[in-house]
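The same subunit A turns up in both complexes below, where it pairs with subunit B and then with subunit C.
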Partner chain A sequence: MEHPHEVTLPAGAIEVPPSSRWRRLPAIAGAVGVGALALSFALGRSDGPQLYHSYLVAYLFGLSLALGGLFFVLLQYATRAGWSVVVRRLAEHVMATLPLFALLWLPIGLWGFDDVFHHWAHPPPDDPVLAWKEPYLNPGAFYVRAAVYFAVWTLLAVWFWRRSRRQDEEREPAITRRLQSLSAPALILFGLTLTYAAIDWIMSLDPHWFSTIFGVYVFAGSVVAILAFLILVALSLRGSGLLDGVLTWEHFHDLGKLLFAFVVFWAYIAFSQFMLIWYANIPEETEWFIHRWHHGWQYASIFLAAGHFGLPFLFLLPQEVKRSRAGLTFAASWLLFMHYVDLYWLVMPSLHHEHFHVDLLDLTCLIGVVSLVFAVFAYLLVRGKLVPVGDPRLAESMALEVL
Partner chain B sequence: MAHVAYDIDPVEHRPALIEGDPDFHGITEAVARPVEWRPPWGWYAVLAASLSLLGLFGVSIAWLFWEGVGIWGNNVPVAWGWPIINFVFWVGIAHAGTLISAVLFLFRQRWRTSINRAAEAMTIFAVMCALIFPGIHIGRPWLPYWMLPLPNQMDMWPQFRSPLMWDVFAVSIYGTVSLIFWYVGLIPDLATIRDRARTRLRRIVYGIFALGWRGSFRQWLHYEKAYLLLAGLATPLVLSVHSVVSFDFATSQLPGWHTTIFPPYFDAGAIFSGLAMVVTLMVICRVVFKLEHVINPLHFDRMAKLMLLTGSLVGYAYSMEFFIAWYSGNLYELFVFINRATGPYAWAYWTMVSCNVIVPQFYWFKRLRTHMGFLFVSSILINVGMWFERFVIVVTSLHADFMPSSWDYFKPTFWDLATLAGSFGLFFTMFTLFVRFLPMVAMAEVKSVLPQAHVHNRPK
Partner chain C sequence: MNRDETTPSSAPPNARPAPPEAGGKLFGLLAELADPESLMRACARVRDAGYTAWDAHTPFPIHGLDRAMGLGKSWVSAFVLVLGLSGAAFGMLMQWWISTRAYPLVISGKPLFSWPAFVPVMFECGVLGGALGALGGFLYKSRLPRHHHGLFASERFERVTDDAFFISIEASDPRFDAEETARLLREAGAHHVELVHA
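The block that comes next holds the complex of A and B.
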């Protein structure tokens, strides 16, 4: 099928005008982020474990968004997707926040390390399992691996982001060809780093526990998060009169379908992990779920199953919802919230075994990290074209018709 | 044989999916030809060979019913031998059809139209092969209906807590939905064959199965709706069937079987082996039935990429299992994996790894993704590897059980081999008959992806 190469982009739709409120967002979000983090560290001075666990959940929330963005971009190139070109730039900017996460990791890696990872960093001498795992779970290897993850993520994010931006000026199809051919090996690097980061920073909080599907579980949640985020940002850009006639309801419909698909995928992976451990009932595995089934955590578990799968599944099923502003806004906001609940449910029971507890620090850390990430995202967003104007498949994307 | 005269992966435009720019009638002629003309002598040769193997299948099953499951190599400690391996192998093969017809349909992958019909047919025949193995393995083969929840005077019910029971439902639902999906897709093409029929018998037989299709606008509207709904319903089945099959193993407490990644890992492997079987069959069929322009290198390129993806996912699962076996600190788990890689079955393990993880890595190169000879050999190797994967999972986890005095080296018997070979006889008999009597390419769908079907197409 042939598509016209030249497209006329509606003037004023693909760049943020100087008067737009989007221009003020980076500074505001940056200030809020720094303020909220400063407040968190001031409030949490006396309670290191709470502070750094809260911070870890917030950090993972931001990181999973950024990694989801990286995955989204790589996937579009690997599949030679046409429909998604007008959405891709937004994901590219989310991906481009990845270098920031090396910096944001320092509080966990330097000051909070003992508060968060003490179970294996300072194992009791009579624990043969942790002694066995010492070649993997030791601070030296942990830092080296973290350095490798950040190196890979930064390299991929910057490399893909730069070339896509360069194509805005040069309009060179060769750039697309090059990014396509590198996207598949990049996806392999992405999959491996995400898996081991999930093991290092989440699974190792309960260092006796293990699950082979864990990396896939964290991956599934990240994709739900990035799709929800992209929908919300695109909706608010459209609300500001931007991307009119470029990013249409056809694209929202497709994003909504993907969101639905990954909600189901997440549930499938979560169910596989839970059901197999529950059924075999081996104490060394069930321990992890038992922590999430007592002392109030069982309500969080039920809420997660219903809120991250049951409700959004039924809600997103009708076609009309995926083509309505109110429907998509609700579904995407709700799923972002549920993604935070998911990460909270993964991390927090290792701190609060004995009772379910929500802390003010959870909120301040979340606002801090998310605002900083959003500041960088918005800074990049207002400083360039909102869509990859030089992409050879832009016309195909703009002509998308789903129904 | 690597002849790709044009760029099958351009970025400036979408490539033509059918070579040679045929018109609608040209597609009909090309696809209807094998159904309407005398088949080549090779077809009779393949049918004769397949029927011989099918006969062997019949003999094997008859001998089994006469003598009992003792004719197989199954024995303590490997009480689950080749029958379950063959069952999982065939269910896996059955996955490509629905993936190509349903999942790729939802993802708007229009290249699927050239291969979906044959892939779906293959799916149904593979499900038939698969269902036979648990059916003949129940010890009292005259009571298979006990697997179904039928009200009876003994108040006896199946054990719903058993994953083997879930298998009965999962596979039979999958077979039913695949069959309906395949048949719905066939209706417009059956009507075409009916309309072209030159004998009364053909007109009546194809006419009955075409269900009075006239190709009116209203009929197409209903048809497209039904197709979309069936695709939506069949998509979760692609994931659920092999997940349930994996539960047979993973719900147990046995090291090597009990691991949480089994469901998605089995799915990836199933799609991998199913695609390999489609590639094997299509490499041959396109030449024999002169459909090289309809099933062309572009389609093989896309299928090879999917095999690279699923093969690498399987590789990820292998490595994750091995890593977690060590990381868990569970010595029994670790023993099973070290035993797989270095023990008496190391040859099977490394056959599996070479065929499933290393062979698909060659698909990184476009030249090999479109080289018919390489595709043929590599796709067969992949299915050899996928059979060995099930062998490794079943046998190596059982042969060295918790009591070293009962450790044993599993040896298949002649009847194990005969039954497996016989199941290929059933599969190829069905497939050979299919390509002779039904249109093996969805011609109505292929026409819809020709350039002239597009609204903005201008005649040259």
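The block that comes next holds the complex of A and C.
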């Protein structure tokens, strides 16, 4: 690793050509995103709670993807992984959308705050549980913590993204060593901020409820999401004739295995959370699951268990599926959809616990946030090399063989 | 690999029993190659020549050797699947029987068959079944354990756990011909080819 191997990169495979349809994507996605969000806020003027809950789910979907990207990049450095170098740049661009989420958070933090967080922001005076939680769950501390999350995420994302890009020019292995040594403390910061953000922005919607595994649950879902997203983007780049001979079916096979692993991990955490609460049967804990087992939400719960675990578990089991374009496309698209269902299931029962309800605003907000995030991702993608060409492990990654 | 004798391979030849005379049953041909690259190339040659009863022997795993040898998918996974599912089914059935038939005790007011509480044990039994399936399937497919192998008659073959790379083609292969096959192996890059009598 002191002296990077000279790699012969197939010409035209590692940069998006000027004529490619990928070049038009940032503008199209950006316009769609702005339009869909404008439409959402116009449609939702009269129904603030619905608008901001729909927006929160869409926001969390985008955010979990970006945080998943951050985790993927940090994990590769922390483990000094060789196999993943050719896909790491894609994850770096997803990670680099994190600063955008400080901006996208403003509608929730400024206008939607009372519609979403009123349970604890304006607690009934005779509620001893919320009075006891007040030192943590109060608007001042909430905003300070949000500022800390965005500061940490922006700092980590920009810092890692810039240095990896600089290595494209300088070809300096010392950059890899520096990022490696900082990835471990960065992972600790990542774990803390993700956990507290999950508590603040999802768990606090039902402020009496608590689950100590909740941060891990959100983390598991976000890793499923980033792996599914990386697979889909890599497949469509290959479909456009890019990364040919660089990113191979060996990488897809490994990504598919990781996706399978995190589907199982998510199920393991989800079931652990459920079983302990079911077994202890303490009212303040079971209430949360009771909301998700009545008034139509039980079908959403069953759909989540079957769709986020049962079906993808069986489907991704055979080796052939993880080495097939159609198989991986279906599995990754389905799991991204199920990740949205998962977040919906976490957030929405606190608004509609008397009846199951899907709103048009859910769709417009989702299109808006996802398009804006994708616009930034595609903008970064087309303006640089598709793989970290200066990484000392690039040759090792390109020669990957799944044993 | 049977390497239980403590004598290093550089010991004088008389430190171990002399190889049997050429009168023994012919096991096949053993070809030695210089390095992993020439082994891979030679394997591709042997594979393309249509041999079926043959193997490659190396001191460490070599990426891509299975492809060079034309080996298909390893079906150890089928053993894992069947035994894993059987283990999980056994785990759940066992707890159903214990909790509802053998010792029907009401615990914390829950139904006798409280399946969520049984999932962890079901899962662990599934993992145990899968692991045993992997081990058993691997042993079965590798025809292990066995106390002897025809190649142990070759003194050269001892170095396969140190630094030597071999291809063996068994005499039972329908295409086997002591002279033709030896020529193929030499053309494929082997620097030493010997007949092994078991």
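Please note the rule applied: the second predicted complex is superposed on the first by the 398 of 403 C-alpha atoms of A that agree within 3 Å, B and C clash if a C-alpha of one lies under 4 Å from a C-alpha of the other, contacts with A are read in each partner's own complex, and residues count from 1 in each chain.
By our rule, contacts are C-beta pairs under 8 Å (C-beta built on N, C-alpha and C of every residue); 3 or more make two chains touch, one makes a residue touch a chain.
Since the model is a prediction, treat every value here as computed from it, not as a measurement.
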When subunit B and subunit C are modelled together on subunit A, clash or fit: clash
Contacts of A:Tyr279 with subunit B and subunit C, given as first, second, both or neither: both
Touched partner set for A:Gln319, first subunit B, second subunit C, both or neither: second
First, second, both or neither for A:Gly191, with subunit B first and subunit C second: first
Superposition-derived comparison: subunit B or subunit C, residues of subunit A touched: B
Touching partner for A:Lys133 - first (subunit B), second (subunit C), both, neither: first
Touching partner for A:Ser211 - first (subunit B), second (subunit C), both, neither: first
Listed stretches 45-53, 81-89 or 135-143 of subunit C, narrowed to the one that overlaps subunit B: 135-143
Subunit A positions touched by subunit B in one structure and by subunit C in the second: 275, 279, 281
Residues of subunit C defined as touching subunit A within the complex: 61, 63-64, 73, 77, 81, 108, 116-117, 119-120
Sites on subunit B touched by subunit A in the complex: 9, 11-14, 108, 236, 239, 243, 247, 250-253, 258-264, 308, 312, 316-317, 320-321, 324, 327-330, 364, 451, 454, 456
Residues of subunit A touching subunit B in the complex: 1-3, 5, 80, 82-83, 128-129, 132-133, 136, 173, 176-177, 180, 184, 188, 191-192, 195, 199, 208, 210-216, 264, 268-269, 272-273, 275-277, 279-282, 284, 392-393, 396
Subunit A - residues contacting subunit C, complex: 271, 274-275, 278-279, 281, 317, 319, 401, 403
